[in-house]
Amino acid sequence: MTLIDLANPTRFLALSARVLPWLAAATVILLTIGLYQSAYAPDDYQQGATVKIMFIHVPNAWLSMFVWGVMSVASLGTLVWRHPLADVAAKAAAPIGASFTFLALLTGSLWGRPMWGTYWEWDARLTSVLILFLMYLGLMALWRAVEDPSRAARAAAVLTLVGAINLPIIKFSVDWWNTLHQPASVMRMGGSTLDKAFLIPLLVMAVAFTLLFVTLHIAAMRNEILRRRVRSLQMMQASRIAFSSDVGTGSRQENASKGAA
Amino acid sequence: MMISLGPYASFIVTSYAAAAIVVAILIGWVVLDYRNQTQRLRELDRSGVTRRSGRSAVDTP
Amino acid sequence: MNGLKPGQMQLSGRGVICVRGSREVFSGLDFEAVSGEAVAVTGRNGSGKTSLLRLIAGLLIPAGGTIVLDGGDGDMTLPEQCHYLGHRDALKPALSVAENLSFWADFLGGERFNVAESLATVGLDHAADLPAAFLSAGQRRRLSLARLLTVRRPVWLLDEPTNALDVSGQDMFGRLMRDHLARGGMIIVATHAPLGIESRELRIGGMV
Amino acid sequence: MNGLKPGQMQLSGRGVICVRGSREVFSGLDFEAVSGEAVAVTGRNGSGKTSLLRLIAGLLIPAGGTIVLDGGDGDMTLPEQCHYLGHRDALKPALSVAENLSFWADFLGGERFNVAESLATVGLDHAADLPAAFLSAGQRRRLSLARLLTVRRPVWLLDEPTNALDVSGQDMFGRLMRDHLARGGMIIVATHAPLGIESRELRIGGMV
Amino acid sequence: MTALAALIRRDIRIALRVGGGALIGVLFFLTVVVLMPFAVGPDLAQLARLGPAILWLGALLASLLTLDRLFMADHEDGSLDLITMSRTPLELACAAKALAHWLAAGLPLIVATPVLGLLLNLDMVATGAVALTLLVGTPALTFTGMIGAALAVTLHRGGLLMAVLVLPLSIPVLIFGVAASQAAITGPLSFGAPFSILCALSLVSLVIGPFAAAASLKHGLD
Amino acid sequence: MTALAALIRRDIRIALRVGGGALIGVLFFLTVVVLMPFAVGPDLAQLARLGPAILWLGALLASLLTLDRLFMADHEDGSLDLITMSRTPLELACAAKALAHWLAAGLPLIVATPVLGLLLNLDMVATGAVALTLLVGTPALTFTGMIGAALAVTLHRGGLLMAVLVLPLSIPVLIFGVAASQAAITGPLSFGAPFSILCALSLVSLVIGPFAAAASLKHGLD
């Protein structure tokens, strides 16, 4: 793993250093616009000002699922293509996804209190999101519990893919069971039913949060690559093995880049 | 100017504040972690442990 | 095929690299073995003998290089044509000696396999109905040797097989190996002790 | 006291009977060992070598007969004056090599015990910070040998200690045993292989 | 085929000997059922209402307590190496092991349900419903739990970590199992809907479990 | 003393590494709490009533799931032989192991109780009462569970058998733990009476557990 990790992650580090400032800037700008628009969005005739929670709740809810999707793709990368960056991507995404899920749960409950008269109800949508949250935490625990990252990566990948079954359940739970939670109005067959006055700020916020995710994710991936570099150096130091013999280096490099291709 | 938030102002403000806090924590985590790792890499570099390729361990900006 | 005579097999590794726990154990290892030949893998503790056997058995994935068997049964993968005898005995303490052996015979596909006879061969006939939990270290080892007889497989991968065997056990095992070689089998055995059969040495010098 | 010189010890068994799994392994066994002497327990697989060591270590209770140590520390029972090295390594895979060793040093009461030095003695200094899960069979065995150094105990009970050790490991172990004997220790070792030190043989011929 | 049959036979035999036989499973179930009233209070009406939930929790518990060793024992004694190397596809071998586990540990529970139903003050229909849902649902518990068991081997970890990873997967089974039983007992709601979802969950897990477990074992090779 | 301290330190270290740390314990507890409403139905008022019972069941479960390996691991790798042979009395060694287990697995649960109380709709007082009873009661669970763990080693059996042996012993703890918490929440009944019984149970188990476990290990020598 030592070299495989160093081969093309090095390129990733260089790339990330270049794009991160731009991404961060774009995120800040869009977030500012989105916040401004949502601040001046009209009150809903039913929900009053509480509709403003939507601009936080819905992007976070979407992202909570989106991030798991990203992790699932990365897991395929780990299991099928054994791509060296894939497990880094999966690991880095988990805490961010968990945070978004937490926010979706929190803002959802805060919205639920005025709307449904209760913070929490054990219905299918809410429950499946809670399960998603627990699975995020479980994954993070798994990553932390196992020191050998490549070992943890493969186990986490299997678990992530199994957990992906939860995504359609979350998405369609409102249609399959009649729940308190309202059915999809933005992303549904036959176009959005949401008023433009809400739709535009919502979409801006959604894009802004997605950018935020991308920025944080790339930064976290960079950290993770560095952490693994530290680890493999420490392992070398710990075992005091002379890694000087250059036998086989060539084929290893070759192998690594083959894996990356 | 003040935006009127109606009777449930506290819920709305809490939502936005929570989102801000969580995002701030995430940013803090990413930044501190970066500092931490580069710091450790530099220490390892100083103590003479380098990667096989002979390059310095710290080749990040 | 590689100029092999019919019925002749050749196992060869080219540039095999083994990485365990993110540390490189050995790299660029070349080796080969042909039918009727025993290869004794030697080296210091931790040099990677067990790792090499597990690579051949498909129980570890090489970080580079290739390991192929030419002239074997084309339908089967290399691991499917190997018997692997590791440090651990693959015995269930709760089952009797005979049950343990006949399970492996059934599972590995040995038809018309005579359990009692093989137990007699390895000197465990008197213990057939004892639970495996009652066996001594050497008796456990003998029972796992009996597994090699359940079904004919051309390649035997043996990891320090004579550990815990007494003198008569080592003789018995020498006979088993000679029979196998005589029938065109191939043996790769990691060992620190003299084997009692003629063998070619493959010295590996990975990390300590 | 039995006419022993001061500082001289004698371990003796009289009419020891061993029953395991309601089968008699051996009976009426007499043996003795004195300071500075190594006794090699030999016998066929299943003859009861391991059982004998465990009887001395107090890990099995004899069905008859007595085992006593004369001239040892009167405060301590026989097992408390023994180091036992069995087939199993008493290592925790999750802990590092150094952590494993220093746990046993602390637990067995070895004060002022130098972990790094003992690891160097058994040739594991380079692996001190690795988790024990990463060790090869021989390295595990070396680590458990290091346990013999944690605290001085007069009687060493060793069960096939050279299993899995390479040649240099066997040399190292031979030195350890000679040192121990020179300091007035006593070694009872069950083995099938030559030991590399001078020893008296105790052949037991229990059931097969 | 003989290979799989041999595996199933062996695993059942070991389970019956080591686990102490089917009786222990039933006894465990009984203990859980007896325990619950102490935890939730001895109100009979409430007990009857909670009856299916308690039985389901018992089943879940039994599977959690026994499943984490499903592959661990084979891993520790080296059998798993040989199983991986053999001609039998690992997915099938995993499925066979899970099946054996279910036969040895799950089935006795279901057989014992009527007796326990009596204890919990359930009537005939309710008991029947619970037994039926258990029959359909416990395979799903076993087959999702198997994924956790395989991860436990891969990670060299067991205990709570496994439970944490597996429990979220078994929540849906529990929900619909209890919902279907409740529906049969009290319900204006229909028994059919949750029951068919339960069946679907079982079928899905029958497919996904072996594949996920085999993938995890294969990729965890070491 | 150093010997015992070393044992405790080692066991905690292993538990944290292998079990994945205290966090896993908390996460497990959380999962159990999330699970319960599915089983017993989502009625909030009823949940609050069952709250203490659920938390107690979670603690019991966590101890059942982790305890069976308490001595088994040491037995399998031969450490137990050396511990038996050493100068440290086996009773003390057993107590040290149980203490380490409680510190690594029990304590985190208690620390997490307030958070879980929120989820279960418990108020401050109730949460405090549950946490207090858990603090006093979980050692009893560990120390009685230890007896089962020792028997599991002696009998070469694990899993359900061990649960069957341990559960009856832990029933009294559970009863008085839940009763005390309930009393603090709803009760005309006093908190003091069941609570002091709970304390007594804990004290008794602190004494009996190590002796019974050590006796079982000694007689199980083989």
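Which chain is which? They are A, B, C, D, E and F, in the order written, and residues in each are numbered from 1.
Rule of thumb we're sticking to: a residue touches a chain if its C-beta (ideal position, glycine included) is under 8 Å from a C-beta of that chain, and two chains touch if they have at least 3 such contacts.
Note that this is a predicted model, so its numbers are computed, not measured.
Undergrad: If you walk touching chains, what's the least steps from chain B to chain E?
TA: The fewest touching-chain steps linking chain B to chain E number 2.
Undergrad: By mean C-alpha coordinates, which chain is most distant from chain C?
TA: In terms of C-alpha centroids, the chain at the greatest distance from chain C is B.
Undergrad: If you list every residue number at the chain C and chain D contact, are more than half found on both copies (same) or fewer than half (different)?
TA: same
Undergrad: Between chain A and chain B, what's the gap in Å when you average each chain's C-alpha atoms?
TA: Comparing mean C-alpha positions, chain B is 15 Å from chain A.
Undergrad: I'd like the Å distance between the centres of chain A and chain C, where a centre is the mean of that chain's Cα atoms.
TA: 46
Undergrad: Cα centroid separation between chain C and chain E, in whole Å?
TA: 37
Undergrad: What's the distance between the Cα centroids of chain C and chain D, rounded to whole Å?
TA: That gives a centre separation of 30 Å.
Undergrad: Could you list which residues of chain D touch at least two other chains?
TA: Within chain D, residues 20, 87, 94, 126-127, 130-131 contact more than one other chain.
Undergrad: Can you list every residue of chain A that touches 2 or more other chains, as numbers and ranges?
TA: 2, 127, 131, 134, 137-138, 141-142, 145, 232, 236, 239, 241, 243, 249
Undergrad: Which chain F residues touch at least two other chains?
TA: In chain F, residues 17-20, 24, 27, 31, 34, 38, 76, 156 touch at least two other chains, as defined above.
Undergrad: Applying the document's contact rule, which stretches of chain F touch chain E when the two form their complex?
TA: Result: residues 18-20, 24-25, 27-28, 31-32, 34-35, 38-41, 50, 53, 56-57, 61-62, 64-66, 68-69, 76, 105, 156-161, 163-164, 167-168, 171, 174-175, 178, 182 of chain F touch chain E.
Undergrad: For chain C, which residues count as touching chain A in their complex?
TA: Per the stated touch rule, the residues are 15, 17, 19, 21-24, 27-28, 63-65, 207.
Undergrad: Can you list the residues on chain E that touch chain C in the complex?
TA: 2-3, 5-7, 9-10, 13-14, 17-18, 73, 76-79, 81-88, 221-222
Undergrad: For a test of understanding, state which residues of chain A touch chain F in their complex under the given definition.
TA: Residues in contact with chain F: 118, 120-123, 127, 130-131, 134, 137-138, 141-142, 144-145.
Undergrad: Using the touch definition from the top, list the residues of chain D that touch chain F in their complex.
TA: Touch residues, chain D against chain F: 20, 57-61, 76, 79-80, 82, 84, 86-92, 94-95, 99, 103-104, 106-109.
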